[in-house]
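Here is the structure we will look at, set down as structure tokens.
Residue numbering begins at 1 within each chain, and the chains themselves are lettered A, B, C and D in the order written.
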Amino acid sequence: MSNLLDLLVAGLATGAIYALVAVGFTLLWQTSQTINFAQGEFVMLPAFLMLAVMHAGAPFWLAIILGILLSLLLLGLGFKLLLVDPMLRHGVLPLAIATMALAIGMKEAVKQFFSAEASPFPSIVPAGDVSILGRVISLQSLGVLALAIAVVIGLTLLLNRTSIGHQMQATAQNPTVARIIGVPVERMILLTFLINAFLVALASLLITPIYLAKFSSGEVLGQAAFIAAIVGGFNQVRGAIAGGLLIGVVDNLAAAYVSTQYRAAVPMVLLIVIILFRPQGLLGRPEERTV
Amino acid sequence: MTINGKYWRIALGIAVIAALIIVPMNFNRYGLYILSQWAVMTIAAMGLNLTLGYAGQVSLAQGAFVGIGAYTAAIMTTQGLPLIAALGVAIVLCFAIGWILGYPALRVQHHYLAFVTLAFSTLAFLVFRNEDWLTKGIYGISGIPRPNVLGFATNRPLPFYYFCLGSLAIVSLAMWWLIRSPWGRAFVALRENPVRALSLGIDTRRYTLMAFAIGSALGGVAGTLYAPLTQYIDPVPFNLSLSLDLLMMVIVGGSGFFFGPFLGAMIAVLLPEWLRFTQGYYLMLYAVAVMLLLIYSPTGILGILDRYLAERRTKAASALRAVAKSRLETAP
Amino acid sequence: MRSGFFAGLLLATVSATAAFAQGAPIKLADVAELSGGGATVGNNWKNGIDLAIEEINAKGGVLGRKLEVTHADSQSNPGVARAQVQKALDNEPYVLLGPGYSGSVKVTSPLAAEAGIAQIMGGEAAELTQGGNKFLFRTSFGQQSSMPKVAKYINDELKAKSVAVVWVNNDFGKGGRDVITKEFAKYNIKVAADLSTEAGQADFAADVSKIKAAAPDAVFIYLNEEESARILKELKRQAVTVPLMGETTLVGQKVVELAGDAANGARGHVGLTTDAPVDLVKAFREKFVKKYNYVPDHNGLKGYLAIYMIKATTDKMGKVDPKAFADTLHGLTIKAANEPGILMDVTFDEKGDIDRQGFLVEIVEGKQVVKQVLPKLN
Amino acid sequence: MTAVLEVTNVKKSFGGIKAVDGISFDVQEGEILGLIGPNGCGKSTLFNCILGQLAPTDGEVKVDGKVVTGLRPSELNRLGVSRTFQLLQVFPKLSVRENLILAGQEHQGNMMSRLFGPSDAGLSAAADQMIGFFKLDHLATEAAGGLSYGQQKLLDAAMAFMGGPRLVLLDEPAGGVNLTMLGDLKERLAAINREKRATFVVIEHNMEFVMSLCTRVMVMAEGKLLAMGTPAEVRANPAVIEAYLGH
């Protein structure tokens, strides 16, 4: 039983990471029908940007700020202007495939220009542990969990309580109508790309001390985030959060109780079951099909 | 297309086929190996092109089907069974699994389908790796024999290349027949406009499943050739990246074009060769090139060609129309 | 398109000129995991090769002839490795170097044997040298020589009766796991938990809690560098205090760098390490860091040694003879006193396996400390 | 005379909005029924419910006395119910002839004969006849996407007739078609109606077109049936004038 509790806590900590990555993923889908297959690599890159700034001699705090700014520029603005905008008219699928190519390109670029080796990364959360109800939990895990909760609250407030949020929701639901009623649709779409870039940079900052900075570290993360988004509900921020936490827990329980050799299979089976029986996800709204 | 154009195309076709038969006779073993690999990958990409390019259903599982085919061939031929038997089993197996995998395609589209097939890809890899009793797990299966075809041993690289080329020719003819048949027309209808297709009596469900099943079966065919080509297989080559590579081949060459996979596979197999001077940068350059290509032409290289020809035709047609119109206007 | 590609292929064929003309460079071919999952392995191996060749050429080469190497990328894929090796062999190199992955070695070694060209590779799987291939040589201990030493240590020194085995589920990890489980059986050591993990796995919480639940006397960890670091951190977090034992990677410099404090107390058998208490190895490490700006793992050493194996063998023959190369290297003992580049005395047996001294080390305050030197057998 | 189509109390709501609210009517063999009404009154939704493209919330649809609610559009089509769409729905990359063969091929043979049989499913002659009938002769091998809008509209209609349907539902066949073409289209539809005893239901905004082509006209407003009668009766109906001229 105590073992189970440990696994749940560990699963939630990992799941919170997946959730953070999945949230941005669903935002992009909602406002601009972008399936970003490079989302995992988007989390991998900011850490390297920060490391590069530090190698140039800057202190950690400055590296964080510059790293986030560079992420906004490259992964937000650059991604939208250079890839999404010119591709969007071709439809969902070509864009999705282009992001697959982008993922390969990003991994290779980091490997060539930085290193094929893993690098350690400083932690903004002190590396200690705390004891809660007799469970030892690392501060890093708590930090990720706290941030994930903060992001949900922050995003929910932004979307539901501010006029920008209402405009974003209008854009997500029906861009044509939104444009007619005077929503600056283009600016709202750009905003979601920037929010996504900010989220992945944050995720990178929190995860890399645990996962290490490596060119390939986005692969697992990206896949887990997709699955989380689909399982939770592609068109809901809270769905992505719930999906992330669920996948984290399921993965840990599978490793403990099913088989370590097949642990990777369990989230996949969950994914297939969800898609077959509840394609809108656990918390998602069904998307009315016109057929 | 004018009569001249038609003859010119037939002549070009014959020249290419003759070149594929004659030129490699002087090739070293590596050249033959690469060409054989190209033939095998083209078959797999043709299967995916049917699913994706003609029927419009995205699949990230083609690599897994190549794996299923390869393991079927490896397991059966190392037990002393002939490759042709393995081929039969692989086709039936992949067809059946592809059919089942097509069911999600009836419920969901696009990205969901991509993830279902991606999940399947991962599951297949895990089975290849974990089921030691069947697949010898991570150690792989070695000593896969090359077949005797019509009494000829294909141990040497050149005969084996001809075996691959012959298989490619058969598959190409079958595919040509398929896409020119009413089925091919139905697949295109399915991709272009499923709603309209339904209203014309086209059973989109059955055709979708067929597109998946036939495409997957061709993946299996490619796999049964892959195993004797490398003579050793382990689970690693059949992970997700093979599926992604095949997808890129179809997209780069030209999805929905008959010759797209030929071109795409050639680029993918030979690109490392051409870009060797770039050292480690070639994958990066490839990725960038794919993105640029997709931005410019989402239907790949042949899409560019097609657009160019279409523009020329439209220009010619509108010129004709202009002439006809001016005649009408000047007529008394 | 097509004609360009044929022209390219023809060019490649024609360019295989007379490789062994006197005074012309000696051509070596390397096929390694320069991209894909084994990129770390392959790039270290490649850099080690380049460093050694640079040194040798700076001193006038081998028998007065320069060494020249071409690197090809196997993309960590046996199918590609086979193609690249085929291509390398078509150009008739003096010796074939690589690959590093055992699976890739398995598919390529018959080709090299058929061509009669010696292949010096980085694979460690036990079975590679068991098949009677007369042209295949290791650069490091195979698992069949290192694992018995680990098992003996666990039995004699740690006095463990039950051990949890954590391994990465690829050919490297599975191979090691299979050999050590057999060795454990000889000592009647029970495998308390048998945990397969994925390459690139980030989260070891579930694995470690399984280890805790099994309550073994020791844990044997056989993972790649990053995963080793992650599991060490997790073991520390979940307060697992039993001895942690590994082979080469667990106590490597990279793991210590990545795992920080959590690496303290980890022990392992090391065949090749840049931390060996051997002056020549330390000098190698300095040269490598100076050139490439990072500390190599044992694959960097393997690549470096491969080149000096070629040099020593060729010097011994007194001529550049690819046919006699393998015969000469079998049974050869190379002494570091005569050939400093070989770093430590080494003997090759008839199977192509090596005999060299090894070390048992422990991480103490972030440093590798050699607890025991396991001498060369003969 | 038997009723080819019987629609009984069909309802369809999206969320809380009732797009079609209890419509009943029937169409006799050989009839041309016009369906008119302001934009958004539920005409196209009704079409989609009849044709199985949308599942009706309630109600029943019969074709030739057989209940067809719940059948898929493709199954309905093979029973002889065909349609066109409000927006152009030809296959732009296929040639005109290929478009027509596609429209007819599922009414021939079975899956196997469609795979192993001739490439045109034996329909080349029928397609060419249809091409001639719609006066598209010079365009037979052109890609459909390269045709003018009016020509595509003709092709779209021609495709609906390839399977030899008993009942055809046409959704704004005249929309965006120029005057000359419009005359052609009307004349062709009338000819098919006469020669093949095909039954039509036509949604159209072009009053002149509806009134001159149809034998009976049905008016919908806000999801309900407003009026039904001959063109003259409907034209004189005050409720219809009210609905069209605003509240």
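We adopt the following convention: contacts are C-beta pairs under 8 Å (C-beta built on N, C-alpha and C of every residue); 3 or more make two chains touch, one makes a residue touch a chain.
Heads up on the chains, UniProt names are A, B = ABC transporter permease; C = ABC transporter substrate-binding protein; D = ABC transporter ATP-binding protein.
Note that this is a predicted model, so its numbers are computed, not measured.
J.: Per-chain C-alpha centres versus the global one: which chain is nearest?
T.: Nearest to the common C-alpha centre lies chain B.
J.: Counting only C-alpha atoms to place each centre, which chain is farthest from subunit D?
T.: Measuring from the centre of subunit D, the most distant chain centre belongs to C.
J.: More C-beta pairs touching across which pair, A-C or A-B?
T.: A-B
J.: Go ahead and note the Å separation of the Cα centroids belonging to subunit A and subunit C.
T.: Inter-chain centre distance comes to 37 Å.
J.: With centres defined as the mean C-alpha position, give me the subunit A-subunit B separation in Å.
T.: Subunit A and subunit B have C-alpha centres separated by 33 Å.
J.: Between subunit A and subunit D, what is the separation of their C-alpha centroids in Å?
T.: That gives a centre separation of 48 Å.
J.: Please tell me the distance, in whole Å, between the geometric centres of subunit C and subunit D computed from their C-alpha atoms.
T.: Their C-alpha centroids are separated by 73 Å.
J.: At least two partner chains per residue is the criterion; list those residues in subunit D.
T.: 53
J.: At least two partner chains per residue is the criterion; list those residues in subunit B.
T.: 129-130, 195, 198, 280, 283
J.: Where in subunit C do residues touch at least two different other chains?
T.: Within subunit C, the residues that touch at least two other chains are 35, 37, 169.
J.: Which of line, ring, star, complete and other names the graph you get from chains that touch?
T.: Here the contact pattern is something else, fitting no line, ring, star or complete shape.
J.: Can you list every touching chain pair?
T.: Touching chain pairs, listed by label, come out as A-B, A-C, B-C, B-D.
J.: Across the complex, what residues on subunit B touch subunit A?
T.: So the residues of subunit B touching subunit A come out as 58, 103-104, 107-108, 110-112, 114-116, 118-120, 122-123, 126, 129-130, 194-195, 198, 244, 247-248, 251, 280-281, 283-284, 286-288, 290-291, 294-295, 298.
J.: Which bits of subunit A are touching subunit C when the two form their complex?
T.: 3, 6-7, 10-11, 13-14, 108, 111, 115-118, 120, 129, 136, 138, 210-212, 214, 216-217, 219-221, 251-253, 255-256, 260-261, 263-264
J.: Provide the residue numbers of subunit A that touch subunit B in the complex, in ascending order.
T.: Against subunit B, the touching part of subunit A is residues 29, 35, 83, 86-87, 90-94, 96-98, 100-102, 104-105, 108-109, 111-112, 223, 226-227, 230, 261-262, 264-265, 268-269, 271-272, 275-276, 279, 290-291.
J.: Applying the document's contact rule, which stretches of subunit C touch subunit A when the two form their complex?
T.: Touching subunit A: residues 35, 37, 39-40, 43, 169, 195-198, 200-203, 205-207, 209-210, 212-213, 225-226, 229-230, 233, 237-239, 254, 257-258, 260, 294 of subunit C.
J.: Quick check on the complex: what are the subunit D residues that touch subunit B?
T.: 51, 53, 72-75, 77-78, 82-83, 85, 89, 91-94, 98, 101-103, 105-107, 111, 114-117, 119, 121, 143, 146, 159, 162-163
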